[in-house]
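One structure, as structure tokens, below. Some questions next.
A, B, C, D, E and F label the chains in the order they appear, each numbered from 1.
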Amino acid sequence: MSTIATQLGIVKRNIPRPDRAAIERLSAFGAATVHEALGRLGLMKPTLRPIFPGAHVCGPAVTVLLHPGDNWMLHVAAEQIQPGDVVVAAVTADCTDGYFGDLLATSFQARGALGLVIDGGVRDVKDLSAMKFPVWSKAISAKGTIKATIGSVNVAVVCAGAAVEPGDVIVADDDGVVVVPSAAVAATAEAASLREANEAEKRRKLASGILGLDMYGMRGPLEKAGLKYID
Amino acid sequence: MSTIATQLGIVKRNIPRPDRAAIERLSAFGAATVHEALGRLGLMKPTLRPIFPGAHVCGPAVTVLLHPGDNWMLHVAAEQIQPGDVVVAAVTADCTDGYFGDLLATSFQARGALGLVIDGGVRDVKDLSAMKFPVWSKAISAKGTIKATIGSVNVAVVCAGAAVEPGDVIVADDDGVVVVPSAAVAATAEAASLREANEAEKRRKLASGILGLDMYGMRGPLEKAGLKYID
Amino acid sequence: MSTIATQLGIVKRNIPRPDRAAIERLSAFGAATVHEALGRLGLMKPTLRPIFPGAHVCGPAVTVLLHPGDNWMLHVAAEQIQPGDVVVAAVTADCTDGYFGDLLATSFQARGALGLVIDGGVRDVKDLSAMKFPVWSKAISAKGTIKATIGSVNVAVVCAGAAVEPGDVIVADDDGVVVVPSAAVAATAEAASLREANEAEKRRKLASGILGLDMYGMRGPLEKAGLKYID
Amino acid sequence: MSTIATQLGIVKRNIPRPDRAAIERLSAFGAATVHEALGRLGLMKPTLRPIFPGAHVCGPAVTVLLHPGDNWMLHVAAEQIQPGDVVVAAVTADCTDGYFGDLLATSFQARGALGLVIDGGVRDVKDLSAMKFPVWSKAISAKGTIKATIGSVNVAVVCAGAAVEPGDVIVADDDGVVVVPSAAVAATAEAASLREANEAEKRRKLASGILGLDMYGMRGPLEKAGLKYID
Amino acid sequence: MSTIATQLGIVKRNIPRPDRAAIERLSAFGAATVHEALGRLGLMKPTLRPIFPGAHVCGPAVTVLLHPGDNWMLHVAAEQIQPGDVVVAAVTADCTDGYFGDLLATSFQARGALGLVIDGGVRDVKDLSAMKFPVWSKAISAKGTIKATIGSVNVAVVCAGAAVEPGDVIVADDDGVVVVPSAAVAATAEAASLREANEAEKRRKLASGILGLDMYGMRGPLEKAGLKYID
Amino acid sequence: MSTIATQLGIVKRNIPRPDRAAIERLSAFGAATVHEALGRLGLMKPTLRPIFPGAHVCGPAVTVLLHPGDNWMLHVAAEQIQPGDVVVAAVTADCTDGYFGDLLATSFQARGALGLVIDGGVRDVKDLSAMKFPVWSKAISAKGTIKATIGSVNVAVVCAGAAVEPGDVIVADDDGVVVVPSAAVAATAEAASLREANEAEKRRKLASGILGLDMYGMRGPLEKAGLKYID
């Protein structure tokens, strides 16, 4: 059963967080590699973009469910943050309002949050960049929000097309945001590690002019698929 | 843990379907009423639209996870359909290709499917309309698809922004598509029934010219909120 | 000075409505003709679409300013409707929620409203179609709204890219929604009338095979502009 | 060399039109079938939609290149129409203005045009529907256009993502718009015919409950691809 | 009455500009703060983005109404610019063409303009960045425009969803663009000042780990709203 | 005849590349100037954006036709790259997947490619930026692709709304991407050169405060067009 639809108005205090060492290992890899290691699943939509380049976070999700134009639950979420967490905020309808700014960022950073992923808007981006507090959002908007309707914290949410359970690990960088199920963190780190193991060698070969066609043995399969060369 | 990300290449044969009598009771209500009864949750994005007006389905979800431009798993899903089911197809990336047409519809209808909800495109819409096989999709496209990569059937998916587990009940009509968690079907039908109980009375009052301001007792709260009348 | 930004929390009761006879004359013309008669101005964005084909309304605007996900002020607006009015609802941020359904439509219709134009979503569209209550909206969505924050009624608003003052006349049909400033209604009706005066003759000529190139005397200007015919 | 970019301000009078008998044969098939018969190529984007359901045209393209907000060249194009042609209008930049209405439609219809495909907006859709003159467009807009800048007629254009040469055959119906290169019309009709030859038999089998999995022999390939069934 | 629709083909030379000292005071604040100080109104859509980060302008609007693909009136507007002004360009239909480039920027800058806000496209962005001439636009496009149709200068316009009168003050930075009615500039500066007065103290508290929940006294209201904590 | 639709599964090895000296001359100009020099044609949609600012490439196109979610043909294309080429990748349907990353970039760069233009997504953008390998794409996405279906290399394609033949010259910078037909390279460089010849003089005049109204002699035409000045 989807647990999402029955959990409005709830704050879950104790959520399982994956083993810190496993998260540490996973944090060595970028979103693209992790997404491949997961079997090309778990990716949020590319409509989410970082507010400044170069950020890279990896940590357990504290999830928040917001209503359009209402950021009340972000204050509630702040209390549930533990050092190393990444806050993931979903909204019950599409809305680009600026739910988050420098004051909330100060609070989140004081609690140890690594960053915020929000399927909505953010503001004070100049301050947030100066604070080096990364946010992945679908809009930048000066539009303020109200505090009138309760949502939930640490329930299952859908954020930018990806299902997120509290405690799932978020890997976000310039390429996007990936959700790694908490039980899969260690295996994903392992798979990512294997993936990258021979990348240096591949990169060296390709840089020397060897073609992927040869390095990956693609000529046969392409011919079998019917590819024809003409002059 | 999100169960989505680890279930690629899987077909689950036995899924729990909610009690048929509860589904029957729920089927008396439209998507808007059911969505309210669920606490305004569980709605797919309004980008999904029916291919013809007036359709209304209510049934357990057989879920499918597709890759962009590849409809192979819809054939696999057909075998898992039981009479009264609604097929829900998610795609791992945004793609408007026409994954579904009159041949698949013939097969789905023969298996007893009530309709299809797909976060992608559909084609042969004239034939589908003539067959009275409803589809809620985000696009109509003549673009065909291939059969090259396996996805999954009856795993948890995110479709048009809503999480769906196999066996969750789908309520879809001209207003959109709502997902009711399987364990909440009976309670939602009950809540919807209570909601509609006095709607006829309300409608009669409003039709007679009585204002919602008075019928709902809004004047006091509005004044307290600071609303001012000027001439 | 823009009067929009300082009028939150206000309901204006007495708004000037243009002369009924002038509105009556204007109502003979469709949105495209009226838009031309106004000098190709005053058009809302084509993202607004009617929920059923064939509707055509022409009446003074009762304006409403809503917050995202909050339809409280539509109830307040109902009291300000006079027979023949068209309600125009703007939202302070993009939001596709279903702000309006069959109960509000019953109330609006009882008050004599001809229709609703809303830069947001609408629901119960099957019922609204059966009631023949037209709505021009940017989305159809089962998503319900709350009643928590006050906006305004009968203040200047921007709706779907067009500025609307209360009492401006709204002309809406299958082609879209045009706003005619209240002081320009008579002149616009006159201009529209002149525009259509010889349309029947033009249509007859074109139907007989005479080309617009010749009927409008375009060959000279095209040649002067440099158009070249080749074989 | 792309011939597009050097042909502004030109009207080509004599364009090759494919053999009428071949067009006649192709006209038996819908856009989806033709698109498959062409190897899943030649499709315009699904953003183009018909203004009324049920239309189906098949005819040689008279192409037009327009500037944003300027429909002058549609009048020039009218003269180049021969009975059975389909006008294809591209715009040099995205613009949803209503370039085409009932007067131009009267002229086009008098010249024998079957319909219009335009990567822009259209208006007077109620009249066009009554005239049964089909238009596939990306928007409906009352917004009028000017006649100030020359474009071209019967040059190569890109319309809604597809390259079109004058004389290419356009097949359009409820599923979308496909461009068939003039030299490929006969072969495409033949391929479409073969495609549909055994569709009735397939439809009968699927309607009887036989699965595509068995009819198409998919079980082996799916197993080889790694698909696993669980209970 | 909306004055917009009757003012095509007009250039207003003398527009009232707010008191320079008041503008100076307002210029201390960013778009987000000003938007809040205005009661969360007056914001343009977040589709407008600055072409380089870090710009911040505050000045009276010289408004321009353009036609799609035509930038003639920007040259007319240049003459109306006074030092400290911000040009605001609206377009009568959606169009992403590059209306503005380095030559016009040179002219605007020579006249003393602080920047440009345009609901269209801009080009030569590398040069504009080097010149430190900020532009907020909805697109960057190399597409040039023509000079064929007259619009207006210094009439009321709707730009990116916000109504702007000439002389209204534009506040724009990385968070977006806000329109402050000319008569409200002093009051808005005052309100913004009050808003920021205790922000430093709040920031200090939040940075020390004090929660917004406690600092703002939210626990009681949240409990009353029904929020429940579970473990 | 459009040659596009009949060339699936083909790799053309020998394509004509324009004279290197002509390309060299053209490379002195930016996309906006080249687009004007071409008569305001040949521009790709502004949805394509560079992954880092400041890049500028000018070189013959090696074209690729991909299927949604499948990047197999990019490996095939690598072999066809000659030093100074720009790869142009079209996709048969809209898809934002990340078709290209640092390994392919290493290979392309080793072959001498100047950059990539793709009507799809790209990933590893941090690495690509560090490598100074520019990509113009419509999305950044960590989403990986498969290698299952053959497309074509060096056939005519439509990429982001522009027709491209192999060997056409691509000019791309911060303003966008322009396609120059191979036979028009020399003439376009000449036209661009003439265009820029007196730009320095114009810039100097405008910087000195001379208005475009006077420099371009616009006052007469504006008056004739009906422009009125009011106070």
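In this text, contacts are C-beta pairs under 8 Å (C-beta built on N, C-alpha and C of every residue); 3 or more make two chains touch, one makes a residue touch a chain.
This one's a predicted model, so the numbers in the text were calculated from it and none came from an experiment.
Colleague: Repeat of C-D among D-F, A-B or A-F, where over half of the residue-numbered contact pairs coincide, is which pair?
Modeller: A-F
Colleague: Whole-Å distance, subunit D centre to subunit E centre, using C-alpha means?
Modeller: Measuring from centre to centre gives 42 Å for this pair.
Colleague: Just how far, in Å, is the C-alpha centre of subunit E from the one of subunit A?
Modeller: Using C-alpha averages as centres, the distance is 31 Å.
Colleague: What residues in subunit D touch two or more of the other chains?
Modeller: Residues 40, 43, 92, 94, 96, 141, 143, 149 of subunit D each touch two or more of the other chains.
Colleague: For this structure, give each pair of chains that are touching.
Modeller: The list of touching pairs comes to A-B, A-C, A-E, A-F, B-C, B-D, B-F, C-D, C-E, D-E, D-F, E-F.
Colleague: Show which residues of subunit F lie in contact with subunit B when the two form their complex.
Modeller: 67-70, 92-97, 141, 143, 146, 148-149
Colleague: Which of the residues in subunit D end up touching subunit F in this complex?
Modeller: Subunit D residues touching subunit F: 1-6, 8, 38-43, 45, 92, 94, 156, 158, 161-165, 167-168, 179-184.
Colleague: Going by the contact rule at the top, pick out the subunit E residues touching subunit F in the complex.
Modeller: Per the stated touch rule, the residues are 9-14, 72, 75-76, 78-79, 96, 98, 101-104, 106-107, 109-111, 121, 123-126, 129, 139-144, 147, 149-150.
Colleague: In the complex formed with subunit A, which residues of subunit E make contact?
Modeller: Per the touch definition, subunit E meets subunit A at residues 30-32, 34-36, 40, 43, 46, 49, 53-54, 173-176, 178, 199, 202-203, 206-209, 211-213, 216, 218, 222, 225-231.
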